[in-house]
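Heads up, there are several structures right after this.
Two complexes follow with chain A in common, the first pairing it with chain B and the second with chain C.
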Partner chain A sequence: MAVAGARRSWSPPPLIANPWLRWAVVIGAAIYLYLALNSVPLNWARILDGLSRGWLFVKGFLTPDFVSRHEEIFEGLLESVVMTVVSTVLGVALALPVALGAAKNVAPWPVYYLCRAFIAASRTFQEVIIAILFVAMFGFGPFAGMLTITFATIGFMAKLLAEDIEDIDRSQVEAIRATGASWAQTVNYAIQPQVLPRLIGLSLYRVDINFRESAVVGIVGAGGIGATLNTAFDRYEYSVAGAILLLIIGIVMACEYTSGLIRRRVQ
Partner chain B sequence: MLELKGLEKRYPTGDRALRGVDLVVPQGQVMALIGPSGAGKSTLIRCINRLVEPTAGSVRLGDLELTRLGARELRRARRRMGMIFQEYALVERLSVMENLLSGRLGYVGFWRSWFRRFPAADIAQAFAILDRVGLTEFVDKRADALSGGQRQRVGIARALLQDPDILLVDEPTASLDPKTSRQIMRLIVELCEERGLAAIINIHDVALAQQFARRIVGLRMGEVVYDGPPADLTAEVLTTIYGEEDWSRTIRREDEEEEDPEAARDGTAEEAGGPPAPDRERLAGMT
Partner chain C sequence: MATGGGEGARTWRRRAPKRDLAVWFGWLLGLLVTLECFRVIADVTIWEFVWDAPQQAGDLFSRMVPPRWPYIDRLWLPLWDTINIATLGTLLAIVMAVPVAFCAASNTTPSRLLVRPVALFIIVASRSINSLIWALLLVSIIGPGVLAGIIAIALRSIGFVAKLLYEAIEEIDTAQVEAVAATGAGPGQVLTYGIVPQIMPAFAGISVFRWDINIRESTVLGLVGAGGIGLELQASISTLAWPQASVIFLLILGTVLVSEWVSARIRHAII
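So, the complex of A and B:
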């Protein structure tokens, strides 16, 4: 191949140029995968058993039983709704000052870093982990769940709202400051109108999330419909579990639909 | 009434936006501040109400030294200085009336302004000014539903509602078409005359400045390089302010000055005096 123009075959250059290294990587990966798979204990009898149990569950899901445990289900749902509403309202209310503090263009830097640190802490840990902590601190029941979801809501709302505050049109703030308005008046007149649609949208979105979370944190003992669901599984009452799951799906879908409707209106 | 002495502004980046500006604006005088982009015009008027903190020098409004005021006294002093902005700077999602009443924020307490319960006198005054700028039927419209000229009228009304002694006007016409620009400039000048207000108007458009201001100050690289009547604005002066360019067609000609004032009111003055000039001047100002 003396002349480049005469070449008639071409294949893409390999990802790893050195063939020794290339093959070492491929063979090494294959050996590791084989050993790793062997290290996981696989109990085929248990899997077969589980398959039939899974089938029972699917059957229960197809024949949901809303009636036999209707009192517990109703109580659980009510508890979840209360948890959702209280923690959303509380979370949003507490998120407002944190969001203002975490917006670079509003807050002085010590406040900014403090609020950002709080947001980071709230967002680092999954709700379930925080729920376990709060259950350990305050005992089983919806109070721990409410605290968990409130805490998570603050982090979520404050972070997204702070970003929105940082994106506002600065000239409007300048104009209000130029009239001799105080800091609080500037927030009320120049910042609030600019971020209000986003605040409403995020709060409604958080309502759906919080309802779903209230089902999850119940499993670690923090009350709500999750606790009822967990009990149903423990008693092998798959029809009841199926009914609960269907109710959760229905409520989440209803929440999502209405929040979408309202969000479109406030823009 | 307004007196700047050795006013300097150095930004943290090291840019010296103002290099010792001395300027006196007597009561009731409408002054145009011209100069190329980056000459420090915006910085200058923002240093007066301290939206930008001056690095050195003094700003006296009446017998009040503004540069040394604490936060509370500064807010009190800002009430006396109405500001009008290039992009109107209205709060878009608030109604026309709320935007107007925001001019009273320096006078009312937080809870009153939060619940929009302004004193009856303020509201009566707001309606009077709204009528004066011709926007009475828009009182409950949201600001973002208005056209550019209408928004600037709301901006002017907001500044007037502060009951100021001086207007600080930052490029009031830069976002408007030539006809609306003239209407807005005429409105500002008329209102200043009616109320005996002084005004500093930053403006790119040399022809507009000449047409409406009684005094022109040229700023270049943060220094005053011209201060005099519009008639003395010669090609040489424009070259000192903006740099070398063919200015022969920018300068207002004699025949235009003796024009029938009615023709100017119809907005036909521009056509009568040759090709509409603003675009060219703006290009010159951009360099």
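So, the complex of A and C:
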């Protein structure tokens, strides 16, 4: 806190203490913003044209049409939900060994690096890119989507779980090992109880994410509600699109509410 | 925990037999639901294509290798667009998310009955819908291009930033707020001197974290026409130019790794 001479006024300390660095950051940011904003092409005629269409979407969103395409919507949503369930279960189950392998205190180093590489690969690429490759390999449909989301789930769960395993209390592991327990028994009785609450919490969180992702992979042909949504936008059927979006929001809200209840019971 | 007896040999068991049975049924039910769900997927799957997959994968790989490196010269401009989409989108999101967060936090909201539910709905709606779907919507409204991508990223990020920020606001130390208020400060001064300094580190961390995520997301927005490197990817894939696609994949990989490193460094410096 600096008291400025006789005026005795106080101003809060700046976020970046070093004045040179602070000004360098400010000037750098200004130059970047100038260049970036200038490189965004703005077609005002098209945007003005779009405003009326945007208004149509808002109206469509407020008067959603659940009825006229209810069959497509139902099928798409069913596929999305089914993909979510299978890929969450499969992803969590497969993430467990990968997480153990990616924890420094459990796995030998070749396994550690192998598992870490797998996690990095799964987390770097967007689901949609993976979906494109899987659609090319396995053909169109929810099977490719399911594999995509499973793959992404493994990376997500394994990374966060491995960090949790690395943070466990060592003394419990030593205590179990001192009883002459094998590696599998050590994992089951010393590590599993310590990470179980977090495993459950993460899995529930992943259900949400997977449902949201299952709505996207359809855009590249991997099944789910995304294909229906894409068609609705292409045909400018905004009230159908609004209905689908409201259903997605509703299901995500329901998932979040339920998982909140379960998490409170577990912890 | 109970010691379940059994023919004299008292082995330790975690639960009482009845609970054991209930847990077992729970697992069985879960398994059945999962299998039933898988059946729905299996019904619409063309299995010849699935059994064919290893061959297809090998074929795809042989087409992608070696990458057509000279093509990278045409990717720098789309990459610049992608970075702009992520950065400008994040900035736009932050500008909109801050008021939403203050309206959603139960200790700073102007009205718990009217304003807070609206703010919470904005957060849920924005978070529920993937940026690719926002992009789909915006491309259909304002036409294809970088602008649609920026707004899509911004709309998706509002919920994320606002949610984490309002949780940070709700966790602040009230003693500091009271101390500032006790000096006779008005509501605006309480906000700037009592609340904002407490949430500044969290706010900076959240913003950088979201920027990092947005770099990843903006790489694919072009698939639906919202500008950036995804446009080139779409063009390469639809013309089956897999050697070009592999160059794009490697460039995306490099960009994501760099952005992750930058964001980790900045967050490390802040916290």
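Observations
We take it that the second predicted complex is superposed on the first by the 225 of 267 C-alpha atoms of A that agree within 3 Å, B and C clash if a C-alpha of one lies under 4 Å from a C-alpha of the other, contacts with A are read in each partner's own complex, and residues count from 1 in each chain.
The working rule: a residue touches a chain if its C-beta (ideal position, glycine included) is under 8 Å from a C-beta of that chain, and two chains touch if they have at least 3 such contacts.
These numbers come from a predicted model, not from an experiment.
The partner of chain A that touches more of its residues, comparing chain B with chain C, is C.
Contacts of A:N188 after superposition on the shared chain: chain B is touched, whereas chain C is not. Of the two partner chains, neither chain B nor chain C is touched by A:A95. When the two complexes are overlaid on their common chain A, residue A:L196 makes contact with chain B while staying clear of chain C. In the superposed model, A:I119 lies in contact with neither chain B nor chain C. By the touch criterion defined above, A:G54 reaches chain C but does not reach chain B. By the document's definition of touching, of the two partners only chain C reaches A:V220; chain B does not. Applying the stated contact rule after C-alpha superposition, one finds that A:L37 touches chain C and leaves chain B untouched. In the superposed pair of complexes, A:V207 makes contact with neither chain B nor chain C. Look at A:A175: by the touch rule set out above, it reaches chain B but stays clear of chain C.
Shared interface residues of chain A, touching chain B in one complex and chain C in the other, do not exist. For chain C in complex with chain A, the residues that touch the partner chain are 30, 33-34, 37-38, 40-42, 44-46, 49-50, 53, 56-57, 60, 80-81, 84, 87-88, 124-125, 127-130, 132-133, 136-137, 140-143, 145-147, 150, 193, 197, 200, 204, 216-217, 219-220, 223-224, 233, 237, 249, 252-253, 256-257.
Remark: chain B residues 49, 51, 75-79, 81, 83, 85, 87, 89-94, 98, 102-107, 110, 113-114, 155, 158, 162, 168 touch chain A in the complex. Residues 169, 171-172, 174-182, 184-185, 188-190, 193-194, 196-197 of chain A are the ones touching chain B in the complex. The touching residues of chain A, when paired with chain C in their complex, are 12, 15, 32, 36-37, 39-43, 46-47, 49-50, 53-54, 57, 78-79, 81-83, 85-86, 89, 124-126, 128-129, 132-133, 136-139, 141-143, 146, 212-213, 215-216, 219-220, 223, 226, 229-230, 233-234, 236, 241, 245, 248-249, 252-253, 256.
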